[in-house]
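Here the structure comes first, spelled out in structure tokens, and everything after it is commentary.
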Amino acid sequence: MIVSAMEKAEILVEALPYIKDFYGRRVVIKYGGAAMTDCELKQKVMQDIVLMKFVGMHPIVVHGGGPEINQMLSRLGIQSEFVNGFRVTDAATMEIVEMVLGGKVNKEIVAGIHASGGKAVGISGKDGMLIQAHPADGSGKMGFVGEVQYVNPELIEKVIENGYIPVIAPIGIGEDQQSYNINADLVAAAIAVSMKADKLVLLTDVPGLMMNPADSNSLISVLKVSEVENYVQEGIIAGGMVPKVQCCVEAVTGGVGRTHIIDGRVPHSILLEIFTDEGIGTMVVNE
Amino acid sequence: MIVSAMEKAEILVEALPYIKDFYGRRVVIKYGGAAMTDCELKQKVMQDIVLMKFVGMHPIVVHGGGPEINQMLSRLGIQSEFVNGFRVTDAATMEIVEMVLGGKVNKEIVAGIHASGGKAVGISGKDGMLIQAHPADGSGKMGFVGEVQYVNPELIEKVIENGYIPVIAPIGIGEDQQSYNINADLVAAAIAVSMKADKLVLLTDVPGLMMNPADSNSLISVLKVSEVENYVQEGIIAGGMVPKVQCCVEAVTGGVGRTHIIDGRVPHSILLEIFTDEGIGTMVVNE
Amino acid sequence: MIVSAMEKAEILVEALPYIKDFYGRRVVIKYGGAAMTDCELKQKVMQDIVLMKFVGMHPIVVHGGGPEINQMLSRLGIQSEFVNGFRVTDAATMEIVEMVLGGKVNKEIVAGIHASGGKAVGISGKDGMLIQAHPADGSGKMGFVGEVQYVNPELIEKVIENGYIPVIAPIGIGEDQQSYNINADLVAAAIAVSMKADKLVLLTDVPGLMMNPADSNSLISVLKVSEVENYVQEGIIAGGMVPKVQCCVEAVTGGVGRTHIIDGRVPHSILLEIFTDEGIGTMVVNE
Amino acid sequence: MIVSAMEKAEILVEALPYIKDFYGRRVVIKYGGAAMTDCELKQKVMQDIVLMKFVGMHPIVVHGGGPEINQMLSRLGIQSEFVNGFRVTDAATMEIVEMVLGGKVNKEIVAGIHASGGKAVGISGKDGMLIQAHPADGSGKMGFVGEVQYVNPELIEKVIENGYIPVIAPIGIGEDQQSYNINADLVAAAIAVSMKADKLVLLTDVPGLMMNPADSNSLISVLKVSEVENYVQEGIIAGGMVPKVQCCVEAVTGGVGRTHIIDGRVPHSILLEIFTDEGIGTMVVNE
Amino acid sequence: MIVSAMEKAEILVEALPYIKDFYGRRVVIKYGGAAMTDCELKQKVMQDIVLMKFVGMHPIVVHGGGPEINQMLSRLGIQSEFVNGFRVTDAATMEIVEMVLGGKVNKEIVAGIHASGGKAVGISGKDGMLIQAHPADGSGKMGFVGEVQYVNPELIEKVIENGYIPVIAPIGIGEDQQSYNINADLVAAAIAVSMKADKLVLLTDVPGLMMNPADSNSLISVLKVSEVENYVQEGIIAGGMVPKVQCCVEAVTGGVGRTHIIDGRVPHSILLEIFTDEGIGTMVVNE
Amino acid sequence: MIVSAMEKAEILVEALPYIKDFYGRRVVIKYGGAAMTDCELKQKVMQDIVLMKFVGMHPIVVHGGGPEINQMLSRLGIQSEFVNGFRVTDAATMEIVEMVLGGKVNKEIVAGIHASGGKAVGISGKDGMLIQAHPADGSGKMGFVGEVQYVNPELIEKVIENGYIPVIAPIGIGEDQQSYNINADLVAAAIAVSMKADKLVLLTDVPGLMMNPADSNSLISVLKVSEVENYVQEGIIAGGMVPKVQCCVEAVTGGVGRTHIIDGRVPHSILLEIFTDEGIGTMVVNE
């Protein structure tokens, strides 16, 4: 489709009310899934984030990195034990997780933001004692799978104040400087709560929460916290959606303005969520 | 034409390189002509200015107001004397000029910016002793037609620092607090020079400077200062274009980055100038 | 009378305790009446205001402009309809009110302050959305006579912070950017309340509230809010004094330190009020 | 003489141009002589200084204290040796000089400023290493009579920035923390130079420099640096005037705007110098 | 004992946890007794204070000066009357007290801090109206012995902010600028309370509070506020310890973190208190 | 050896002059070699760096990580090609270099600083576009071995301003966001020059430059830039010392105050260099 310069100008101007509404707002974005592995999608996410920054928002990026971790573990021949379907993070695995997340994925995102014209600083939860953690599993069976104990957002605040976009690897630090591997959704939610963010956006590989996953028209646009329990019992919230919805619930009940589960496979999904009245995906609200 | 949400997102993102380039830049806009009298065009100019502010630029608006002045003079039955085709500004006329520009046109623009979601402050050259002036014509025949003697941009700097868009009526103040009526193009150029602005944009009712005004394909996109004299002698720069080009020359030789004469009759002409590679109108460069 | 330099020095020093007491205080001055039409009185008011600024106070000037509005309406042959003795402000009238107040009277005061050595910025209630208004009369019979709905003092705070004296035309802005004509006393009171000003001074053409207007010795120096109702019923507060006293009551009950109705016909009446123990005029106190 | 409130207001307003001219200026005042010993004069000096501060100037007070030192030396039976008419400052004398100047005179002035409504901090040249000194006399015969080697005005700048009036005892500090007794005129001049002060005022017990000390009409109002040498040779600048004029010359040639030798016996002499066109005393100018 | 460079480095590093804990803390030190009269001890106290400043603490020094006052009174032949064992401070005595404390002792400490590499400003309670006082004894028998009425810590805060160590002579200022002689322990406690200091340290000439003053092993390391009354009745807190303990009680109940009575005769006693786990002396805690 | 608390206090105080001299100074430390691999030495370096920060210096850490890279390459079976003895960094190698340096070594140092009581932020040359690089070898044979093209120290300045210790992995970023592997000594020198650091310290595994490496008494304490060429020709500067000396020369000639090559195998070598008069190792000076 050919859009004339004039039409483009009109479209820019249409964005004004949204730009105004979101001016100065803090938006925590959990970045992962297809949006991170697909090269083209990845570039669009970077552009969305940089655009947000330039029009006055403060995006904060928290990323995962599962596929790259798996690949490196496999190259090194490190076998993982599984407990209840979750991978146990032993010391050898933890070393690789930290290297891949903090040294590779994190810096690639930073470079991607620079390539799109923004300025970013990549940190992990160890920097500035940002994410203090302890074992997620009291029994110790899961190894160094961690749980957020406390977020000290000072460093993030400073990075934002200094004009950079913070990009955060979900590594926690425990007693004796032990590293912990924490689920990126949980980290994003905890950071959003600690900063009283205005918005939390989880990028996923589904369109949102659906009444019937097989029916693309059954998307639930707005999910109330009060409905969650029933939906879980009815099996509508199931599988990978359970922890994602839980993160959103924790965030909105913890003071975050709005939370969204959106489809990262859709190009520019973040902009679509912010710059259109309909939004996309499922919004979880504190009602 | 129907543009999907996705396409709109793409178009926003296309603007990123321009947004980045102009971030923090100061752009003085001389606002007048059809863009001020046509209601729809007017609203688009307001939107353009507000958008510029939100994406990090610092627009400074200098406005004229000829038609509204004429209308009020006529309603009051004030006859104007003309010398060499220029209207003499006697005391009775000056009173009306100042009232119309500072009390009506200026505040309408301020209200228009607010209506488009921005924040503005309307001032005249009297406020903060912004524009100090003396008679343009030593002989005194032209009355209170003034010439900029000195611009003290402190107040404009403060207005920008405080987050507002300055809107300036081209009234000067002379000795004994005498008001002077100054051409808005000249005021815009003088302010741009005093602030070392990055850009000066003159909105006119022509497409720019043309080799042959009758041929819409003869637009001169780039005019070098060194070419001006020849073009004047050849009659290519003639009529109303003479003072406009002169303003641009004074601005670029006075330290302003770039100056443009653009067609205010084109909707969103300011955005088109800034957000497209080709730009529109005639750019005067210091070569 | 000849006063020696030494005696002048003594008099300056006598002012010290008052200067100390008022250091950093905000004083909203409603400027109007004879003090605005008489050329000599006018100059003295300007001097008083500039002196206040230099000795560390923060004067905020709100002005009226009735006579100049009437004169212009009459020159234009605009007839006014009256309802219950109040002039109806139709669209044609509103246009002139705004032009005269914002474009002429306001800027003359600004220039007068500069002439006395101060620095001022003239704004109207439209600038920075300072005064948000709606129709004073629900029935719509009064046209665009407005009532203050909300004052956003941010712009005034900034103007003061930047070292300028704010001069404010009593124009309000309503929905759809409609202008409203608001009584200057009401605007002064609303601004004083919004800024938690230390003092509100209304310049009038009477010595203050009097037990018997015919007896110049019957001035009521201090009026308690609790006495107002009785005085109104007794007819002591009557005519033009009713709204003025009402403004003072709203101000002191709204958190303004002190409010004064003083005689603008007395030269340097503002300084007399501030720099003498007795003060002048009537002070309304929240008791 | 009875001056009405109105006349007082007029007189305040007459001061406006002077207040404006001196706004933000730094004035170093050497305080001593009769103005310090006479109780009534003393109070007036305090008032003058506080008034200066409130109208926006920055007075810096350097004081002497000869009579109080003499009195204490005499009470303690400390005999002074004299060399060429100058008192030798041995260790026993220095101890008393420092105690009297820093502990008594300095704090009395501070208290006097507070009594007049100002805020002051009393320091000596030891505080913050303000005045670094060495022996004035290389031969060592004069003991601890010192010469200013270096002024580090940082502490004075901070005191001013914090809103206090600095009051300085003329004690210098040398190697090994040795205290030195330095002439207050010299200290005032050195401080004025180090701060690039706008004015240095020396309070004395004479009307200024006179062609003929016996003739009160022979005051020299303006003394050019270029005239000094001749006047010294002619004996017009003689006795105690020699060092005072020398201080002024050092100050104006060192970058201080203006320097004045005025009569501290005249009530409010400082205000008279600043707030009248004629000024009083002798002004030394760099010509 | 010879300590190698390497061992010294180890010892510096051992101090790290203490340095970290005390970073940014405010410590009010009452300086007096042997630590002030013994030359070597004095130098060590100065070093301790400067070291505290350089490693990030904010020491505030309040000093006494009894011996030097006595010596000067005796040199001047001023006889003191005593009431209940306390010296009556008549006007003649007060003059000497103020001179000696503010002019001699205070400035010697300032010079000592400079000699050890720090930056200090010496003030008395008169400067900036720091310590407002009234007679300690209502009957007037004690003369100008004062009691702290109000501490305005603004000046101390500014001195600290500006990077200097404040050194304070315990002189109070009453109505009519009357000076008062106040016990330095009381001043230190009042200042500590007014600033919500983290620590108050009283340097004394005893090891602390002892169960049996004759038995050096009977030191009470921690004294609870709740125990004080009993200990006073049992005579364990007696003599000079009564007011010292009282000061500590007032401080800790007034919001000061911790208070200590330590032995100023021990070299570097302040550092020992801060940089060792055991501390020294008696700590009074709010339990 | 047993050192008493008192002796420890004395040793702390001995450090005062050094602390004073280095207050506010910026010290770039190249951290590598044995000091990084030996666990005990490592802890001591962390302590030294934290101590420096607490006593007012600004340490900036640049680290290598050769052994850990080699180990990971070997675990992954990545073979390296060598050209003239230098390892070629192909894409597969670069990926591992970046992961190990930025994700493992960098964060371990950050955690170590936190364990010692400091606050750190770990970044690589990609963050904030800190280190812009291009291929070291024009022929392309060396792969992604980089050379510093430009250092933008803004991010480091901000990190310091915010109170953190910056820890920097020597990864550069080139066109198209390509990562480059740069020698850590070169990065440390370039950063020191870009910040006009006061000191550059290179931790090595030798005592410094020696006349005869076999003779431990032949250490050259001070090396002048003017002597370097001769020493190179004489073979005294040889092998690994050549690039290290070259870094120092570039730094001192580029405006860095002092540069040092010291023995990281000596415990607390950094403190020894700074806190002893003799220093350790070889200092390169710009003479």
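When the chains are written out, they are named A, B, C, D, E and F in that same order, and each has its own residue count from 1.
As a working rule, a contact is a pair of C-beta atoms (placed from the backbone, for glycine too) under 8 Å apart; a residue touches a chain by one contact, two chains touch by 3 or more.
Chain labels with UniProt names: A, B, C, D, E, F = Acetylglutamate kinase.
Note that the structure is predicted; figures quoted are calculated from it, not measured.
Colleague: Kindly list the shared contact partners of subunit B (Acetylglutamate kinase) and subunit C (Acetylglutamate kinase), in label order.
Modeller: none
Colleague: Whole-Å distance, subunit D (Acetylglutamate kinase) centre to subunit F (Acetylglutamate kinase) centre, using C-alpha means?
Modeller: 56
Colleague: Per the centroid of Cα atoms for each chain, what is the distance between subunit E (Acetylglutamate kinase) and subunit F (Acetylglutamate kinase), given in Å?
Modeller: 46
Colleague: Report the inter-centroid distance (CA atoms only) between subunit C (Acetylglutamate kinase) and subunit F (Acetylglutamate kinase) in whole Å.
Modeller: For subunit C (Acetylglutamate kinase) versus subunit F (Acetylglutamate kinase), the centre distance works out to 68 Å.
Colleague: Provide the list of subunit E (Acetylglutamate kinase) residues touching at least two other chains, using ranges where the numbers run on.
Modeller: Within subunit E (Acetylglutamate kinase), no residue contacts more than one other chain.
Colleague: Using the contact definition from the top, classify how the chains connect: line, ring, star, complete or other.
Modeller: It is a ring, because the chains touch in a row that closes back on itself.
Colleague: Ring order from subunit B (Acetylglutamate kinase), via subunit C (Acetylglutamate kinase) next?
Modeller: If we begin at subunit B (Acetylglutamate kinase) and move toward subunit C (Acetylglutamate kinase), the chains come in the order B, C, D, E, F, A.
Colleague: Considering only the defined contacts, which subunit D (Acetylglutamate kinase) positions touch subunit C (Acetylglutamate kinase) in the complex?
Modeller: By the definition above, subunit D (Acetylglutamate kinase) touches subunit C (Acetylglutamate kinase) via 1, 3, 5-17, 19-20, 23, 44, 47-48, 50-51, 54-56, 116-117, 266-268, 271-272, 275-276, 278.
Colleague: Can you list the residues on subunit D (Acetylglutamate kinase) that touch subunit E (Acetylglutamate kinase) in the complex?
Modeller: Of all residues in subunit D (Acetylglutamate kinase), those touching subunit E (Acetylglutamate kinase) are 72, 75-76, 95, 98-104, 106-107, 110-112, 114-115, 119-124, 126-129, 155, 158, 162, 164, 171, 173, 176-177, 179.
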